[in-house]
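Labels run A, B, C, D, E and F following the written order; every chain starts at residue 1.
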Amino acid sequence: MQAGLFINILLPFAIASIIYFVKNVKVRNILIIVTAGLVIMSSVYIWFEKPGRIPAGSIIGVPLDKIIEVMDFLLGLYILYISISLKKWYLVMLSLAQVIPMLIFEVIIGPNLEVKDALYIDNLSMVLNLIVSIIGTLIWVFSIRYMAEDEEHKKIYPSRQNRFFFVLILFIGAMNGLVLSNSLTWVYFFWEITTLSSFLLIGHDKTKDAINSAIRALLLNSFGGVAFVAAIIIAYYEYGTLDIQKIVALRPSGLLLEPIVLLCLAAFTKSAQIPFQSWLLGAMVAPTPVSALLHSSTMVKAGVYLILRLAPAFRDTWVSDMVAIFGAFTFVVASLFAIGQSNAKRILAYSTISNLGLIIAAAGINTPASIAAGILLIIFHAISKALLFLCVGTIEHHIGSRDIENMRGLFTKMPYTTVLTVIGLVTMLLPPFGVLLSKWLVIETASSNPLLVLLIAIGSALTVMYYTRWIGILLTGTASQDKVEKETEPPSISVPLTLLAIGSVLISLFVTNVFNVMVAPEVISYYKRIGIKASEGMLSMSIGAFNLFPVFLAMGVAMVLGLIFFRKSNVSATPYMCGETIKDYKYAKINNELQTVEEIVVRNYYFEDLVSERKLVKWVNAIAIILILMIFGVMIL
Amino acid sequence: MVEAKEITIENLLDEVKYYHDSGYRFVTTTCIDMGDKFQIYYHFDKDMKLENLKLIVDKNTRVPSISSIYFCSILSENEMQDMFGIEFDGLVVDYGGKFLLGEDSPLTPQAHIQVIKKPSAETAEDKKGETDKSSKESDNKKSDSL
Amino acid sequence: MSDRSIIPFGPQHPVLPEPIHLRLVVEDEKVVEALPAVGYVHRGLEKLVDIKSTDQMVYVVERICGICSCMHGQAYCQGIEQLMGIEIPERAKYLRVIWAELHRMHSHLLWLGLLADAFGYESLFMQTWRVREKIMDILDRTSGNRVIISVNIVGGVKKDIDAELQKWTLESLNDVERELREIYDIMKDDYTIKKRTVGVGVIKAEEAYELGLVGPMLRASGIAQDVRMTGYAAYKDLDFEPVVEKDGDSYARMMVRMRELFQSIDLIRKAFEKMPGGEINVKVKGSPDGEVISRVEQSRGEVLYYIKANGSKNLERLRVRTPTFANVAALLKIVPGCQLADVPVLVLTIDPCISCTER
Amino acid sequence: MIILKIIFALIVLPIVGGLIVGIDRKLTARLQGRFGPPVLQPFYDFIKLIGKERQLVNGFQALSVFIYFVSSALSLLLFVLRQDLLMIIFVMSIGAVFLVVGALSVKSPYSQVGSQRELLQMMAYEPLLILVIVSMYLVTGSFSIRAIANYPVPLFFKLPLIFLVMSIVLGIKMRKSPFDISASEHAHQEIVRGVLTDYSGMYLALIEAAHWYDLVLLLGIIMLFFANNWLVGAAIALIYVIFEIFIDNVTARLTVKWMMQFTWIVGLALAVVNIAWLYFVR
Amino acid sequence: MGLLDKARKLSPWLIHYDCGSCNGCDIELLACLTPLYDVERFGIVNVGNPKQADILVVTGTVNQQNKHVLKNIYEQMPDPKVVVAIGVCACTGGIFRDCYNVLGGIDKVIPVDVYIPGCPARPEQILKGIELAIDKLAEKRNNIREEKKDVV
Amino acid sequence: MVLKMGIRLFKNLFTGPATRLKMREPFEKQRGHIDIDIEKCIFCGRCSRECPSGCIKVDRKAATWELNPFECIICGVCVDVCPTKALSMLKEFRDPSDKKSLKGYKGTPPTRPTKGSNSDDAEKSVKSPEKKASDSKKNEVA
């Protein structure tokens, strides 16, 4: 067991440090792939062992707890150093606000801080752990080739890939540590590492834009860090323990909820909820694997993970309701902003934010079924989103743009990647795939709160808008005129993509098994009941049921029929253009540049005047801040 | 019967400007092929009274466009450009001689094309190869009827 | 990436009964640029004067456009008559007025229907065309044809309307008027129609002048200009006031044409009342010589015929400046900046007649 | 029994839908003073279209059409089998999404603009539909049609405003004025037939048939308001259709902007007021 | 198969292209849609979209500018399809056939199945012509079937 | 607003459709198509000269009178000018057809007043279908 954990958490740290110094690319790549395999295996191993609580051990006689404390402090100092070297006074203040209280606290409280069971392994942490270990390592593999191309494109010499992989691999260790830890101080330590990794990776390209975005990310996450520190200190004084499980079991109420609310606030920043969304959007300047790994599948999930973990602690309180509304609000607003975007990565970023909002809403609804929905959503979202990000990265390297307008008719240029992208989009958008299934669960569980339903209903309608048109334009083409080219991708790109695509479909197909094995026990352990029956391709509750297999079956039939009739059709038709032909459309025979034959372009509607991010963002942020204040406010009630 | 004030290329724009400023509505232009010259009428209207300007230009001279004064003149000027091949300086929207005409239309049709009776489509089809004869026949007819 | 879409609009487009092409550049739903391309109907019939005699040309100009064909014939004949110094019988003048006004009515009704169709008000389209059929019946019965009635000849008219037909016509017109009142009431304050027309495509009076607009377009912008006021044919004896609206938007243009329908009914009634008996045409001998400009108010505004003759059987030059030729300029003004959904409505509010624009 | 039900849902009901469309066309004609086509006209059209040459501009059109058709059929089937209402709506939305995807896959500006508008229409009616269903849940305590249908009091008495909201949804889904924005029944529109512009032959026929399924499904939802008496429900649903036809004939097509404002302000307000009232009464 | 033929006769959809007509024939065709003549009672719908139409109804003469448009529209129509020329302009060029920009009747560009004379053609005449076209449609379909058989 | 239209529509609904299910009788002045009483024709050719559309061919020698109904604009000029009133305007319109056929008549040359024997009123359709077919084929290819 210990070995499993060791490989899972510490091996990445070790390998990362080695890779930092390995100059030989081949050796490095082999090392990465081997580590990836080991991490996946260890994760699966832990999953089968599922040992529950694990006491903190010691390394060479020094208790781990102490090590972490010291490391924590060092990390704080490092961030402070970065802040100072960046010459941003507010960053310095925020770092100081973390380091100094932490220091004082640790010095004063000292050994009492220790949590007996430093690690806690249950289904929720394992869900996250598996996601991190499997998707994360797939993204490593993807990055090998991707980063080589990326540096070529961007003309980065000398290579900074060593540093890149150092952070990327180290991050997985930290993430695994985070989800398995049971002590708030440990969580905080790993939390800060993820913040730092994010900062380093966003700034990887060292362009002005990248550095600014990195600073913004550090700033907002440090704010969350401050909230975290405050939560630790207050929690200690109020509950007398930093053991998360114990805190949850306490089910504090009233003002005693304060540390939990502060933790939620920290989680909001990590999950980039409005009004903290700006760092995640800025983070999109980072190379795509970073976006896929940190900023959609794993790191941002740390926030919602924390909330889901704490959810049982504040169930049936007003705080819970407010959290739900806050999450739903983010869900709507982020979807709304996504409509105004044509930059694929920004769309994905907003979509991530909105899905995280939905998970938070699910956590806030705080019934067994909704928590289950939240966990399911984490799983499905992670896979599909990672797939989408990686696809966008691949596309970007081919066509040199990440604007979806430039992806019109992509199918004719990169059929394989396009199909994978479409799979990713469809699994994000439509039943019978998991994301929508979870959404269905959320709506049904939310339906006793009309305001929540209203928000979620609007949000999901908005979601349809921005995904559907993306799917549509990827496939645009005129069979008789646009010949489909052949596409070959190197295995290090195509294998992770294909695995993710297959995974995203299969996991939806076997959603009941996933549910029964992974989700249900977790929920039951906290809530003693679950209220959902999952069997034979059907999720049923007392208030409704979702039948998956008929939908899968029907879609399969439709696709087969579509293929058959496509074969039997004349595909040489041209689109209707009012009698003009698309080929030689020379509207208006005017003399100035006009005799040129111009392609008809039709753009999606982005409603710049209505959904303008710039105009709305102020208001939205204000409302979100009010909502957060209200969360604090209702605590008193 | 058409009273018109004669103008020249030099004072065309000034005259038109004068009409514009005194509140005349631009009606249209009319071009007539006089053989070696073109005669262009500019018609203006105020309170339903028509005022005309007459401009006589040599073929192959460029005429200043009045479209900067009366935007709506682009239509009739483009039409003249199509039909007579007169080129205009400073045409705001220039269709380059393809305003009304298609790709395969005859060029400057109103300036030189002589329309002749095409034989009835059916008869032509019917009597393909006998065109000479039929034309002779029609000649005969003509003489008959005379 | 260009943030604009380019949409070809026409030539074969279901809302456009006639071929015209607009290259629309839109941002979301907003049109930012519109450039017309024409020529799909250009036949070159002005040049037919080379082979058709002066008399035969009447039938050609009537086919410049089938909608107000009668007025084309009238304008042409008046021009030739003026050149040759012919005074046509009084009765012929009144008959010309009657048929011209009937044409105006059927044209306006047709337009109303198409406008309704353009904003998706199908039942209104049906309603107006149903009323229009009554006018078509009058035309059919009085002249022998529904659309191109071919009654004008140089020297007068070919057909007469006898007393019995007069009575029947007036009765039919009463029916028509009643039904028109109904339609008028509907159109005047229908919420959805107003939503689509009020404030859409505004042309102010000065702009209308600047663009050289004619006919209802001009009158909808508040300028009382109507060539009928010059008193050609029998109009000098039938006093009437041009219909004017102030706002210059689509709604105003709709109302102008709506109200002109009633005006036409009025004029027809007056004409029947005052119509003297006697001959309907005079025999014409010889060929015209000289040049002349003849203007007539058609349904869409003033048509201007320039006729140049040289004393031979064939004219030397014929030029027709039709109303739409003047009004197309308005499109360039009002389409940019409108909503995509308003494009058909705006195209129709100028009441385009491409076949006479291109001849 | 279940076989019978499947046959009923997949074959009998779309025929009913087709008949309703036929009646619609006849009635519209009569309202306009025309003689009108035979009531069976939609079926003639359907059969004829099936027999036409199969043309595609892009292979994905075929795929999209079949997905649209199958998902519509499936959602109706699930409705007849009395499954979860919310799930049915989601299944139906697969079809709606793929209709748009199919249209977007064609390079024609009309299809493309049409699909943008179709998306807006979906944005307009989907929240309303979800609210309709949620309000049904709030009254009956279940999403399952079985439970909703067994509710003792007609839902209409508790959800009168929601019942009105359905008229907006139905209007949009039936593509009736003033909501026939993305693809009007008649091609006389600035974007020709919007999303349907580039479909022809069999594919158009399938879309038409899918439309019948959708129509019956929506009418089924309307019937749920009177679920304790199916006959009354059916009668009311028919009256509802006639009402829609009437509205179609007395209004012009309005713009997208207006539709969004109307549905989101009036529609959502009606729904919210009704739901609030439910709370109040409780 | 009989059913199909019957359906085809009962549901002819048409598209109208104004190929440079003087509007005379156009408005008469439009009049056919209106209450008095109501072609919809025969199942005829003016779909305005070549891809969904069975009958192409053309009014007016072909000129240099619109010949390619006419051809495009014809080619976009799925089989079986028929073409109806309304008015003497569409049949032969009518009074305009001598004009310099006019090619003549539409049969110069696409095959025509039914000619309707008249200037303009009356609605009754148009109805008759379309009836004739519907018969042709059934014939054409049979031809296609035979052709296909040949290929197989 | 909706009301007024609504009332109108209900009126329509209850007064029944306005559709003319049968063709109405032509009005008496109706211009349907041109007919010739070839017996009366003296082949003077006046109709041919005055016809605006130029669709009449008269051959005096052969005593033929030929009309292309697909070019005739039914203006009635020929009827008005015919000195012998051989031409008349019938009320009925001409039926549509699937091919363009000329209306050819062979009469008796006025110089030789023998009657009846060689008059031939039969319609003469355009021959050479092969040519037509090849023509349309060409169109298809092009």
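Just so it is clear, a residue touches a chain if its C-beta (ideal position, glycine included) is under 8 Å from a C-beta of that chain, and two chains touch if they have at least 3 such contacts.
If you want to know which protein each chain is, UniProt gives these names: A = Ech hydrogenase subunit A; B = Respiratory-chain NADH dehydrogenase, subunit; C = Ni,Fe-hydrogenase III large subunit; D = Formate hydrogenlyase subunit 4; E = Ech hydrogenase subunit C; F = Ech hydrogenase subunit F.
Predicted model, so just to flag it, every value in this text is computed and none were measured.
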- prompt: How many steps does it take, at the fewest, to get from chain E to chain F if each step moves to a chain that touches the one before?
  reply: 1
- prompt: What is the chain whose Cα centre is as far as it gets from that of chain A?
  reply: F
Message: Can you tell me which chain is nearest the middle of the complex, judged by mean CA position?
response: D
- line: Most heavily contacting pair of chains is A-D
Field: Where chain B and chain D are represented by their mean Cα positions, the distance between them in whole Å
entry: 57
- prompt: How big is the gap, in whole Å, between where the Cα atoms of chain A centre and where those of chain E centre?
  reply: 58
Task: Indicate the whole-number Å distance between the mean C-alpha point of chain B and the mean C-alpha point of chain E.
output: 35
- request: Would you kindly tell me how far, in whole Å, the mean C-alpha position of chain C lies from that of chain B?
  value: 23
- request: Would you give the residues of chain D that are in contact with at least 2 other chains, written as numbers and ranges?
  value: 29, 31-36, 53-55, 109-110, 112-113, 186-188, 192, 197-198, 200, 249-251
Residue list for chain B, restricted to those that touch at least two other chains: 93, 95, 98-102, 105, 109, 113, 115-117, 120-122
Task: Would you please write down the residue numbers of chain E that are in contact with two or more other chains?
output: 17, 34-36, 38, 41, 46-51, 63, 65-66, 69, 73, 78, 92-95, 97-101, 105, 119, 122
- prompt: Which residues of chain D touch chain E in the complex?
  reply: 25, 29, 32-38, 41, 43-48, 50-55, 186-188, 192-193, 196-201, 204
Task: Report the residues of chain C in contact with chain F in the complex, numbered from low to high.
output: 52, 55-60, 63, 123-124, 127, 130, 140-145, 148, 150, 158-159, 182, 185-186, 189-192
- prompt: Which bits of chain B are touching chain C when the two form their complex?
  reply: 1-2, 23, 25-28, 30-33, 41, 43, 47-48, 50, 52, 70-76, 93, 95, 98-102, 105, 109-110, 113-117
Field: chain D-touching residues of chain E, taken from the complex the two chains share
entry: 3-4, 6-8, 10-11, 13, 34-35, 38, 40-43, 45-49, 51-52, 54, 78-80, 141
Query: Mind pulling up the chain F residues that touch chain E in the complex?
result: 17-21, 23, 33, 52-54, 68-75, 93-100, 135-136, 139-140
